[in-house]
Structure formats: structure tokens, C-alpha cells
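One structure follows; several queries about it will come next.
Labels for the chains are A, B, C and D, by order of writing; each one numbers its residues from 1.
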């Protein structure tokens, strides 16, 4: 199945074999579907099952669903923006990066699952609430790790990059990944204290990344 | 996607950092999925659950589902056409626009949820029908606001645009947004009077936008 | 919402305003999702609900689901191929074509709904089987009509086409559409005689279009 | 998509009529949706239905779902990488390849169905477990066969390829396809011995293809 191995522009060292165009298209598809599938997990009571409660009241009691939806939407959206920014730096990638990207997509496409589990158990004060929160936090740890791996694979060979990234910038980026990973692990620990606090932390982290992303534009704008 | 792309941090003013290619691809994905997921909410009675009613009769009684489906399909379709028309004006956007676009996608991807809730409660004459209609109308207000925000972010910096838009045209566009926002708020108010009237208004608004869109072509064609 | 109306390359007569790139991307998304969502409607009995029947036997009795799935997959696949072939003829389209395309996408994205209804009622010999078959056949009539409309809008202005299509070829194409429409109406009539015969006809029609499509390549190859 | 495109009927030999751009976009859409829909089949017990079992325990007992999910994700991901590598060799394809590709997409888009059936029956030691495993293995045989067909159609006419593939390389690729097909048939046989062994084999095969894919890069890197 792997015959078509040496495409037209294959580099002298057999690296950077694949154009990023289709990798981006496939990844965009997975990101777009994962972010849109989240809405399938938002429910509401059918007219017959309200038993005297008002629909408004019933929906208000569903805040965990809306909250988990919003945080997961933001997380996937920001990952997409980072993915976009990273792949804008190169025209071609090697096979290793293709597989690292596939691993990232695995962790992204799975997010709707822990999201709906967390929504169902968020207000559960006992053991099971902690389990659901830990699964959600673990999914985020995996996604963060996958993105770091992808970044390392991507920047391993400077020849791939259209615009060389300075060693100093790379070190700074790696420091940042380390810091992000630390927060993700911290959030994982929080899952065993309070599921709500864990989800708030994930939300704040996402909002922080938004502003962090906007910062360079403001500084130089 | 294949022209000389200046990476995110290299622009002289740090603005217009991202090529619109992937933004459009990701947005197209979300639009396409949201518009296609609507069909999952169209149901029909299983053969065993008809209890003497004919399938045709049972389907006829489901007109609220079909009506809500049609209006939401039109709304998303027209938003896509406007999105397309807007981004055809620029080759690159800045981070702020990326986030404004993400906010628009949030409001678009959520539409299947209020659509299926409204379908379930459309014929409910009481309080709960008003609630469902208000949620639907609120989703449309949010979407209209998100599109306005995106437009403002997009046109804030004239350098971004391939074809400069005259100040007069911008003022006219902003007037129009104000008018559109007014109608959306009016429809929100209608939700508390009659859910069906609210949905009819949304449908008429969408049809109006269709013809409004077709008008320039006819005038000059 | 419709301010961004005069894109950079707007023709002298305000026509052919939109590049086909994004129209194709959005349409591909809808086609791809509709064709893939079909699989969600394939069910199987849970282990506890078999009550002594073998899984193999239970699956065999589900042949209507598989049959309807296959026909609908083929129909959407062939529509996509025709869509592809048509839009390869032009670089830009006008607004009217954008809306005609949206109408086609409406009829395509809805296909999973009549498909699963037909699957549930295919073996129903009575009135309800005819209803489900008629709904399916009506969806196909609508899709055929939408494609014809799109084709007419697309070829109305010869200036849009990169490669002019001769008047003779256009007449031939229109004759073909007329013939196709006739068969679709015939299949609609068949729905009231036998749902299975109707579905077989749709399948044969799709297979016929496959070979028809392959024919030119063979004749000249 | 923007080079001078010769419409479908204009090629001198009527071959290689279609640009690969939209074929890839449509295929990427189907791959991305199929790989992401898998997550919809991951379930968890609702809070009320645990009856004293812990959520962690209930999830642990669901390992067949996770295992089947992982293997199917890998299989689709690797098919996508191979598809990508293959189509990077050509700019245009003929109608026959379009249909062969449609057949591959049929076998790919159906994968979520046998995956969720296998997950439900994986631990079933009797007849029904074998049935579910055989259906899954048969889906893989069909997919392998479809990919081989596509490859044959694709390489049939050397003029289509941007970079000619040597007769020796073609023979090697065909030998490999034969070998892969053999393993798939073997796995099909294993379904009747042990569903778990069948799934492990499919997983190992996928992992083998991963390393096989990475090998050339390492050898020459």
C-alpha cells in the first residue's frame, strides 16, 4: 500500500516529501467536524417529559452541558489557529510529521466524547464526577502532548521551514510548551478536587491563549 | 496557499498575518457540517409506533420540523454566501479577524440545537413554546452580532483589502447592519407573542436577503 | 449583510462575480458529509435484544437498509461527479448560480432522511410503504430538477465558460436532462406500485449514469 | 484548480480529464468525516444507570469500544496517507479513476458501522462474536481490494503520472498489494477463531504499515 513513496519533488535526503496543502485540508476537515459535532450532545427535554417544570427551568439546570460545550469549542478553535500558524511556516513536511499530525487529530477528534461525559457528571460531587473530570483533563493532556510532539517533529529539520526560526525563538517556544504542559497536569490534579474547578481552569487557559495570541498583534500594531 | 507567505511574526505592522485560504477552508467545513447536520433532526415514526395513523398523516403533523429545517438551512446558506463575498475582498487577515471568525462559527455551528428545540415546541401555545422560540431568535441575534463584529474587524484596516471599499460604501453597509440587527431584535420580541410568527419572520428575512443579493446582478445584468 | 458586493474582478455587467473555488469547497463539504452520514442510519441489534435469533440472521433481515444505503451512496457520488465535471468548465459564476447551487445542496443534504425512512418501510406492503417510497422518489425528482436548474443558470451566459459549449452540445444536454427527469417521474409513479421496484429503478438509473459517464472515455480511449 | 483546465470532453484521447484537486478535496472530506464519526459510537453509562458500579469500572469494561475505535482510526488514517502519497504523483485522472475512487470512499465511509458492531460483540465468545468479527474483517478486505483497484486504474496509463513509475517499481508495488491482500484474508479467517485475535491482527497490520511508511525516510534521512 505504500508504493507511491517517492513523489516528484522528493528532497535529496528523502525528507519533506509531502506538500502541506492536503495535510491542512484533511486536518481542517477533522477540526471542523469535531468542533461541529459538539452540538449533537446538547439536549433538551421533550414536551412530554417536563412534568410541570418549565422548559426555561429545565434548560437552566443544563448549564454543565453549555459550559462544557463552550470550553471544548474554544479549545478546538484555538488548536486550529495554532495549527494554522505553524503550517504557514512550511510548504512541505516529512512522513514523521504526517504521523505526528495524525496523532494530534486523534486527540482532537476524540474531544466530543469526554465533553459529553463531563457534561453528564459535572455536578456529581462524588467519585464518578472526579472520574469524568479526570478523563476530560487527560484528553487535554494528551492533546497538549500531541501538539508538542508535532511541533518538535516539525521544527526538527530547519531546512523544511520557508522562514528559518531562530534558535532563541525555538527555545522560547519550547519553554512555553513546557509551561502549558505543567498547567494541563495541574488541571488534571484539580479533577480529583473539583470537576467544576478543573473545567474553569481549562476555560481560563483557553482564554489566556486567545489573548496571548492577540498580544503580538497589539504590541507591534 | 502557494504564494510567498510571510509567516505570522514577520509583517511590518504585525497585521494581516494569515492567508485567508485556510480560514475559508475551515469555515467552509463548519458551514457545510452545520447545514448538513440539520437533517439528523428530521424524524419519522417507526412502523410499530403508528397505531393506526397513516405514515402520511404522521409526517404531515411534523410540519414544524420541516419548516424549522428549511429556515435554518436558508439562514446558514445565506451566511455562507455573505462570508464568501466578504473574504473575496482580501488575501490576508489579522489574528483579531481570526478570532472574530471563530465567534461567528460558534454561533453558526450551534444552530442545529435551537432548530430541533424549536421544532419540538413550535406548536406549543404556552410558556414553553415562547421559551424555545426565544432561544432560536436569540441564536439569530448572536449570529447577526457576530457577523457585524467580523465585518468591523475585517474592514478596520483598509490596507488588508485588495480592493479598497469607499467610506460611503462602508457607512451604507453599517447602516444596513444596524437595520438587520433591528429586525433580529424585533423577531426576538415576536417569540413571546407567537413562535410561528417568529419563524415566519426569520424565513422572510432570509428570503429578503436572497433577493437583495440577487438585485445588483439584475440591475446591472 | 450584503455589503461586500463588488469583488475585485467584478465583470463589466456585474456578472460572474464569484470564483468557483469556494463554491466547490463548500459543495464538496456538503456532498462528503451527506454521503458519509448515511452510515449513521445502518443499525444492528444489541447483544441483549437478539432473543435466540443469530446476529447473521438479524443482519440478513436488514437488507432494505443496506440496499437503500447503497443506492443513495451511488446517487450522491454520481451527482458529485457531474457537479465536478460542470464546474470544471468555468472559473467564476454569478449570484444566481450561487443560489441555484444552494438549492441543489438542499436536495442533496436531505437525502439521508428519505433514505432511512425508506429503509424502515421498504418491506411494508401497504399504504405506508408507498408513502415512504413516494417521499424518496420525490426527493430524487427535486434533486434532478435542482441540477437541471443549476445547469441552465450555469450555461445561460456563455461568457462565463472558459471553454465555450456549442449550441448543439447544449441542446443535447438539455434533451438528456429532459429524459432523466422523465425517468425520475416514472420512478415516482412506481413508488405507488412497489417500493422495491422504485428503489431498483433508482439503482439502475444510477448504474446507467455510471456507464454513460464512462462511455466517452471508452469510445475515444 | 486554476491552471488551464481542459474540459472533460476535450482531451485528445479522452483520458486524464479531471484535475485531482477536487477529487482530493472530496476524498479528504469523506476521510475526515468517517474518522471523526467514529467518536459518536463511544458511549458511557448515564449517572442514573450505574446501580452502584463506579463510572471508572463501567468505562474499564468498555475496553472493546476503545480498542475498536483506535484500530479503525489508525486504518482510516493510514489509508488517507497512502491516498495522499498516490495522488501526489498525478495532476489529472480519468473517469475510470474517479469511479474507482468512489468505490474506495464507499468502503471507507462504511467503516464506522462494522466498528460499532464489533465493539458490541467483541467479548461475545459464541457464533455472534464471529459474525461481527467477520463483517469487520470483510470490510477491511473490501477496502484493501478497492485501494488495489484504484492503484491499478491510476497507474494503467503512464502518461497520467507526473513522475513515471518504473516497471520494476510497479511490479514491486503489485507484489506488495498481493501480500497485503493475503494478510487481510488471513484476518478474515481469524474472525471465526477469535474476534479479539482478528482485531489485534488488524491493529498490528496498521502499525506495520506505519513503520513501513516511516522506513524510507529513516533509511535515507
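General remarks:
The criterion applied here is as follows: a residue touches a chain if its C-beta (ideal position, glycine included) is under 8 Å from a C-beta of that chain, and two chains touch if they have at least 3 such contacts.
Keep in mind the model is a prediction, meaning the values are calculated, not measured.
Interface note: subunit C and subunit D, two copies of one sequence, contact each other through mostly non-matching residue numbers (shared numbers fall below half of all numbers used).
Ranked by distance of CA centroids from subunit B, the top chain is D. Computed centre separation for the pair subunit A/subunit C is 35 angstrom, with centres defined by C-alpha atoms. If each chain is reduced to the centroid of its CA atoms, subunit A and subunit B end up 25 Å from each other.
Each of the following residues of subunit B touches two or more other chains: 25, 28-29, 32-33, 37, 40. Against subunit A, in their complex, subunit B makes its touches with residues 1-2, 5-10, 13-15, 17-19, 22-23, 25-26, 28-30, 32-34, 37, 40, 94-96, 98-99, 102, 105-106, 109-110, 112-113, 116-117, 120-121, 124, 127-128, 131-132, 135. By the touch criterion given at the top, residues 21, 24-25, 28-29, 31-33, 35-40, 42, 44, 46-47, 50, 54-56, 59, 73, 77, 80-81, 84-85, 88-89, 91, 162-163, 210, 213-214, 216-217, 219-221 of subunit C touch subunit D in their complex.
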